[in-house]
Every structure is written in C-alpha cells, then in structure tokens.
Amino acid sequence: MSLGLDVLTILAVCAGAFFFLAGTVGLLRFPDALCRLHALTKADNLGLGLIVLGLLFQVEGPFAALKLISVWLLTLLAGATVTQLIARTARPGGTPE
Amino acid sequence: MSSPTLYGLCGAVLVGLGLFGLIVHPQPLRKIVAFNLIGGGVFLLFGVVARRGAAAGFGGDPVPQALVITGLVVAFAATALAVALLLRLFHETGRATLRSDG
Amino acid sequence: MANSATAGGFLLVLAIVLPVMGALLSLTLGGRHAERIALILMPVGLTVAVAIAAVVWRAHNVLQYFVGSWDPPLGVAFRADGLSAAMIVTAALLISGIGLFARAQFPAQGGAKARAPLVFWTLLLMVWGALNAVFIGGDLFNLYVALELLTFAAVPLVSLDGRAETFAAALRYLLFALLGSILYLLGTGLLYGAYGTLDIALLSGRIHAGPVAWAAVSLMTAGLLAKAALYPLHLWLPPAHAGAPAPASAILSGLVVKAPFFLVVRLWFDVMPGLPEHAAAQVLGGLGAAAIIFGSILALRQARLKLLIAYSTVAQIGYLFLMFPLAVRPETGHPWATAAWTGGVLQAVSHAFAKAAMFMAAGLIAEALGHDRIAGLAGIGRALPITVFAFGLGGLSLMGLPPSGGFVAKAMLLTAAVAENQWWWAVVVLAGGVLAGGYVFLVLARALADAGEPLTLLSTISRSRQAVVVVLALCAVLLGFVPLRPSELLQIGRPGLPIAVFR
Amino acid sequence: MAFDTGLAVLVLGVAVWTITARDTFAAVVGFVAFGLLLALVWVRLAAPDVALTEAAIGSGVTGGLLLGAHTHLRRTETAAAGELPGAALRLAAAVLCAMVSAGLAAIVLLLPEPAPTLAPQVAANIATTGLGNPVTAVLMAYRAVDTLLETVVLLLALLGIWSLAPDRVWGGFPGPHHDADPQGVLTFAAQLLVPVGILVGVHIFWVGSVAPGGEFQAATILAAMWILAAMVGLVDAPPVSRRWLRILLVAGPAVFFAIGLAGFAMAGAFLAYPPPYAKLLILTIEIPLTLSIAATLALLVAGPPERAPQR
C-alpha cells in the first residue's frame, strides 16, 4: 500500500519537476516577454500542481492536504495576477505607466 | 564545516560583491540594487550569529533575528527614498546619473 | 556602574520623545501648526537639555536609564556622560537659534506653498530627536536606528528648494550615508557574534584585542567616516551642504556631521578603551590632516560663498580627528591626552556655532543680492554690516584666533601635540589656521570693498534675523573665554585619567 | 548539508548575476530571485520570522519598487552605462572588495565557540511579556525602543519622499492613476486575490504573538494588496493632504509613544508594561501599528504626489 503511494508520489513529483525544467528553459530561450510568461505559467500551473498532487499521497490528515491545495491555489491566483500585470506593461501599446 | 558557517562565508562574499557593484556601477539604480545586496549579506551574518546562539529551546538567538527584521524594514525605507530621489532627478533633468553638477 | 536607572533618567527619555512626538504632531496637523509646535518645543527642549547637563554635573557621574526596566544586555540603556551633556546642550541651543532664524524663511502657509514649511519644521524636530538619541544611546544597535533617523531627516533638507542639482546632491549624500550605515551595522553584528551584547558599558568590559574586535571597529569606523565626510570620503558634502537652504545648511554643517564623529569617539574611547593601537590613531589623524589641508585649499578656490563655507566644513572636520592620535594614549594615560580630548570636543562645539552662523549669514547675503558669487560681494559690508560682522566672528573660530572657541580648541590640540612630541600635528594645525585666514579674509575683503555705487538689495533683511546670526556667532566667541585647561564637565564618565594643568 | 551547500552556491550565483548583468532589468529580476532564495536560507537558519519578512519586504516590495523604477529609467540606460569606470579602477575595486570578503570570511571562521547568546535570558523573561514568540518579545518588549524609532524612520522616509513633490502638486495624489478595466481578467484576478491576501495578512498578524509572523510581515502583505488594487485601478491613493490619512499614518507610533509614556505611571519606566496587562497592551499597540505600517509601506511605493488635488 505504502509502496504504491510512494511510486505515485515519485511519478507525480518527477513530472512536476519536468514542467519546471521546461518552463525554466522556456524562460531563458523564448524571444519576448509574452512567450516567456507563457513558459512560466506552465511551470506554475502544471509543475506545482503535479508536485502538490505527489505530496498529497504522503500527508497525514485532511488539514495538511487542505494546506497543500491552498498553496497551489494561491500560487495560481497570484501567478495569474502578476502575469497579467507584467503582460500589460510588456504589450506594445499597453499602458506602461 | 557546519551549515551556519557555510552561510556565514556566503554572507561574507555577498558583502564584497555588493560593495563592488556599489563602487563600479555608474547607474544609481544599479548602486541601489548593490546596496541591497550588501544588506542581504550583512543580515545573513546576523542570521548566522543567531543560529550559532541557538539555546534554551530556541532554534536561534531571537535577539539578532529581531534586529534583522528591524534592519530589513529600515533598508526598505532607504531604498524607497533613494528610488524616489532618483526618479525625481530623472524627471527634472532627463538624466539619471550622479554626474550632473560637473 | 549601578545596576539600575539613575534618578533623573527620565530626562533622557524626554530628550528624545519630545521632539519626535512634536514632529509626529506636525505631520498630522499640517503646515500651519508645524512652526508653532517647533517654537513651543524649543524652550522646553532647551530646559530638558540644561537639566540633563545640571544633573550630570551635580552627580559628577553618568546619568543612566534602562528603557522598559530591562537591564542590558537584554534591554537598551540610555546614558549621558559629560560629553553627551555638552553635545545635547549645543544641539538645543543651535536648533533654537536656527528655528528663530528660519521663521521668516519658512512661514506657515496654506495651499501649494505649504510644502517647504511643513517639511522643514518637521525635519528640524526630527533632526533634534535623532541627535539626542545619538548622544545618549548606550546600545550599538539602538545607535544604528538613531543614525538612520538622522540620515532620513537630513537628506530631504538638501533638496528642500526643489532645484534639479540638489536632487543629485541629495541622492549622492543618501548613497554615501547608506553605505556608512550598512558598514556600521556589519561591525555591530560581528561584535554581537563575538561578545553577545551590544551594550557599550558591557562591551567595554568584555572586548579584548583580536581580529574580530579589530575588524568590527574598522568597519564601523569606516562607515562613520563616510557619514562624517572625512577626507577622502568628503565628495558628497560640498554640493549637499551648499545646495540646501541656509537654515538647513546650518543644521547639516553645524550639527548633523558631528553625530558620526561623536560615535567614532564613543567607539574608540568607550567601547574599546585602551584597545586602539597608536598606529591606527595615527591613520585617523593623518586623514584629518589631509582634510584640513585639501579642504582649505579647495575652499580658497571656490567662486561661490556657500561652496566656500561647505569646503571649510570639510577642513574643520579634519581638526576633530586630530584628537585621536593625541588623546589615545593607552599605555600611560598621558596627562596631555585630556587636553587633546577637551580640545577636540570644544572644536566640535565651537565649529557648530561658528559654521551655523556663517551659513545663515551667507543665506542673508544671497537673499539680499540674489546671488552668492564672491566676486560680486562688493558693497554688502555697508548694506548688511551686522551680517558681515557675524560672518567675521564665525571666521575667528575657523582660523583659531582669540577670542573664540576655535582658538581654545586649537590651542589645546597644539599644546598636546607639542607636549606629546607629535609636533607634526602642530604644523598642520598652524597651516590650517593660515589657510582658513586666507579664505575668510578673501570673503571679508570683497564684502568690505567699496561698490562704487549704492547696492540695490532684492529684499530688506530684518534686524531680528541678523541678530540671531550674531548671537550664534557670539556663542562661538564666548567659548573662547572658557579656561584654557581640560574641562571638568567633559571628563565626567571618562576613566580616571590624570588631568593636566595648563599654565 | 548538501542542500545547504547547493543553496549557498545558488544564492552566490544569482548574486554574481545581479551584479554583473549588462541589463538593469536582468539585475533587478536577479535581485528578486536572490531575495526569495535568501528567504529559504532564513528557514534553514531556523528564523522563520525573518524568512517571512525577507520574502515580503526584502524581495517582494523592494523588487516591485525597483522594477517600477526601471520602467521609468529604461531610456537612460545606455547613456549611464557609458560612464563605467576604467579597467584599472575596476580591478582596484575588485581587489579591495575581495579583501573585504576574505577578511569577513576569516572573521566568520574565528567567531568564538561556544557562541555567546541571549536566548536563555529571552526565555527566562518571556513569561512576563505574555508572548509566545520570542522574536516578537524582543521587538515589542525588550528592545521596544528600537521598534518604536524604526516606525518613525519609516514615516520619516515617507515625508522625505513627499517633500520631493513639486509645489504645484503638493498635497495631491501620489503616483499615476490607473483605470480599471471592468471586464478584464486582471481586474477579476485582483478582486479574487485581494480579499484572500487581506485574510492572510490578518492571520499572520494574529499568530505573530505565539508563532512566526507579526506586525511587519502582516503590514507588508496588507500593503501589497493595496498596491495591487491600486495598480489594477480598483482603488486610488488618497491625496496626501487628507487629515484622516495623516492620522492613519501617525496613529501606530502615537499609540506606541502613549503607552510607552504611560509605562512611567503603570510600571515605573518608559516602555515598561505591568506584567498582568503586558499582552493586552502589546496587542493594543500592535493593531494600530500594523495599520500605520501598512499604509506607510504602500505610500512609500506609491511615491511623491504627482497629481494636483482638486480644490
């Protein structure tokens, strides 16, 4: 039972780490700000989501699980907001200030 | 080597790095960033002192930790004032350099 | 030292709390009230300052207060020794004088003109509170906060006029000051790491010569020198002090640069008494000597009056640091060390009065003429005789001619230098005096020259403002009548050094 | 240990990048990353209170401030970069700074063993303060005077920034005005995030007396939420001449001073709390203090008044 959970955790965390890696490579290699943001959001949404999923198999009690999910949701929300803010200044004709 | 010592060495290098940036960079904004880097190094050294002083069931000596919190807030106030001065200078002269008086 | 607060210790709290709370009230109520609050607090603060000095004098001991009844090392102590008392009284007198002078320049106004008065009066009180906090701080980190308070109160004064070049000057001042603070803070951290306390009295008992103490004190000294504008870290000072409005220049040059100097004294004489090496003190003295020579020469070459006065500040700060090689004599407790100690402190006090008077005189001259070019001063001596007289009186102190506080201060440094067989400092003191004479006479000769035709002044300068300037300049002169021997007041709280008797 | 080594190397790498990057934007982004990594270091050093402060103030708000400044100054970059000092001077600076680092490193290795500490004294006295978080006890009781003066420092910095305003806009609105886009994704996201953020801020404040957290961290989060709402256009900064704003800014330090002075009567010393009421009094100080600090931090970021007040 516990072995099965561990395997699931390893798989999910590895997949999450892969998305973080891909997002980072994208951040460094993509040509402009909007593409870079696109790459970053992949790391946030999927990468962190998968890592949280992986960790969920290990937690004890529903409260800790709720905490983990909140972390993911808050990151999503904050990420979405900040990305929009950056995109607004980066957009050619946007409102830089 | 213990890990506090390791971070202490890290703080020592940060101070030197920041100092270098402060001296060498002509742009005031870069100087401000460099100042914050020195600050990071100095605060880290306080943190190391605190960690080494772990006792009485605390993970670190709370006194230097509290000093760092005070210091961080003061450093932020300093950064805000410096940035405001720099922006005002820029809006007034169109330049952002300290060599304006010639 | 008694393990409790001394009676009268609450005066120390008031010295900080009154001006700071006044500043908070000014900020809340706005420009119209700011001036009134400052004017009400001046006599009150002056009374507190004199009371502190009286208590210290009567008790002949250090006045001490533990904030929140928490004993150091856990809590923070305030302490006032003779040196603190002298500086607190100086600050109170000068702030009051500058405040009276500034009434005409920053009158309470509403609307768009409200900015400068509100900022000036609030910052004047803040500078006062911060200075008192520096003078009575007994804890190295508390002193860091006090220093930052002082920096943030001083920097906006530079750009109060809103002229473009003053923003650059203020920014440069801020960057130097911040570097100074962070180096000071670094040293503080190292001292805590090595000795587990930041209390000056406790540290002085625990500290011992070694790499950690040395590194900490060097870093702290270097940071404080940047704030005190000691050569070669003086570059920020002339544009900042010359660019500020005259009353602000008087605060900055007279008082603000004295605070980091005061802390260097604390560090070298109180945190680590007997520890400093002779060689290190010689280095400080050497920098002071370089400041005297280069600052004076640069002052001679200035075309604008306020810049000349600002460069003269660079030079006069140099004298303060001559005190270190002469007063730091750990091995014997040399009797002449006390003379040098009194001379150094007296130089700080008399320069404060003299320089404030000179900056304000220059401000009045610039107000009357619409410029402060030295070449265009002809005739001003006839138009504003009182102001030019005050400038001359201040100049006496800078040159070190009797009767003036500057004379007594420099005479004591000179005598100590000769008596301790360190004659090279005597040469510097004399050369600095000659150079100072050069730049003071340069201004006076122009000002007293005949303009040929009567001057048309842009504005009439009221007698009362000129009177304030003369009174401050006279304070510097009156200090010339203190007896030419080590001051007993300034020795309070010093370890028992034998006192030399001058004949 | 391996984790610590990796983290230290990463911190130094990002720091080197921040200093050496050609582009100022890259340097600022590097600094933000540096701050976040440093927050991790603080966790490793068993200082969660500092970690929160570092992430919120040291990296977050400072980073935002620097990024904002950079968008204004972008055009001046090339001109200023031309003033780079010559190679000889840079080499001299590098040697000097390397010596400073080496000296400091040696000092770190020479620090005495066992390390001196005040932790036992903090622990011995913490009962009289009624607090559970030792860092809060240091900030609000043992060294309360530092904290009091520090809040004044913040206010003073704000007054300094305001003093930079040209006379014609004195008393006006700080910073530029942002228009809200009612249909925008951004507005939607901000409307969702701000209440959650405020909740988090209140939580961090509340737990600060017993667990990591406290007024500075909470105030920073509250300030950040206000800044976000202002950038999105949901709220606008009030004119700096408003009386209620001035009162809000001064209230925290003023209450701190008042209770401090009352300590003369209640407990025989400035900033002393009578033990039975210590926790209550500290809380009475902390609530207005948090609000004042939050307002001050937000306005520090907003900058000097730029738009004239309507008269």
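The letters A, B, C and D name the chains in turn, as written, and every chain counts its residues from 1.
By our rule, contacts are C-beta pairs under 8 Å (C-beta built on N, C-alpha and C of every residue); 3 or more make two chains touch, one makes a residue touch a chain.
Just so we're clear, the structure is a prediction, and the values are computed from it rather than from any experiment.
K.L.:
What's the overlap between the neighbours of chain B and those of chain D?
P.N.:
In this structure, the chains that contact chain D and also chain B are C.
K.L.:
Where each step is a move between two chains that touch, what is the least number of such steps from chain A to chain B?
P.N.:
The fewest touching-chain steps linking chain A to chain B number 2.
K.L.:
Have a look at A-D versus B-C and report the one with more C-beta pairs in contact.
P.N.:
Most C-beta pairs in contact, of the two: B-C.
K.L.:
Would you mind pulling out the distance in Å between where the CA atoms of chain A average out and where those of chain D do?
P.N.:
The mean C-alpha positions of chain A and chain D differ by 26 Å.
K.L.:
Averaged over CA atoms, how far is the centre of chain A from the centre of chain C? Could you give it in whole Å?
P.N.:
For chain A versus chain C, the centre distance works out to 56 Å.
K.L.:
Quick check: how many Å separate the C-alpha centres of chain C and chain D?
P.N.:
One centre to the other, that is 31 Å.
K.L.:
Two or more other chains touching the same residue: where does that happen in chain C?
P.N.:
74, 141, 145, 148, 152, 155, 159, 167, 186, 190, 192-193, 196
K.L.:
Enumerate the residues of chain D that touch no fewer than two other chains.
P.N.:
Within chain D, the residues that touch at least two other chains are 68, 72, 104, 107, 111, 115-118, 122, 142-143, 146, 150, 153, 156-157, 160, 164.
K.L.:
Report the complete set of touching chain pairs.
P.N.:
A-D, B-C, B-D, C-D
K.L.:
Once bound in the complex, which stretches of chain D touch chain B?
P.N.:
Of all residues in chain D, those touching chain B are 1, 4-5, 8, 11-12, 15-16, 18-19, 24, 27-28, 31, 34-35, 38, 41-42, 44-47, 49-50, 53-54, 57-58, 61-62, 65-66, 68-70, 72-73, 76-77, 79-85, 89-90, 93-94, 96-98, 100-102, 104-105, 107-109, 111, 115-120, 122-124, 134-135, 137-139, 142-143, 146-147, 150, 153-154, 156-157, 160-161, 164, 214, 216, 297, 300-301, 303-304.
K.L.:
Could you list, by residue number, the parts of chain B that touch chain C in their complex?
P.N.:
15, 22, 28, 31-32, 35, 38-39, 42, 45-46, 48-49, 52-53, 63-64, 67, 70-71, 74-75, 77-78, 81-82, 85-86, 88-89, 92-93, 98, 100-101
K.L.:
Residues of chain A touching chain D in their complex?
P.N.:
74, 77-78, 80-81, 84-85, 88-89, 95-97
K.L.:
Applying the document's contact rule, which stretches of chain D touch chain C when the two form their complex?
P.N.:
Within the complex, chain D contacts chain C at residues 103-104, 106-107, 110-112, 115-118, 121-122, 125, 141-146, 149-150, 152-153, 155-157, 159-160, 162-168, 170-171, 241, 243, 246-247, 249-250, 253-254, 257, 260-261, 263-264, 267-273.
K.L.:
Taking the touch rule as given, give the residues of chain C at its contact with chain B in the complex, in rising order.
P.N.:
Touching chain B: residues 74, 141, 144-145, 148, 152, 155, 159, 164-165, 167-172, 174-175, 178-179, 181-182, 185-186, 189-190, 192-193, 196, 239 of chain C.
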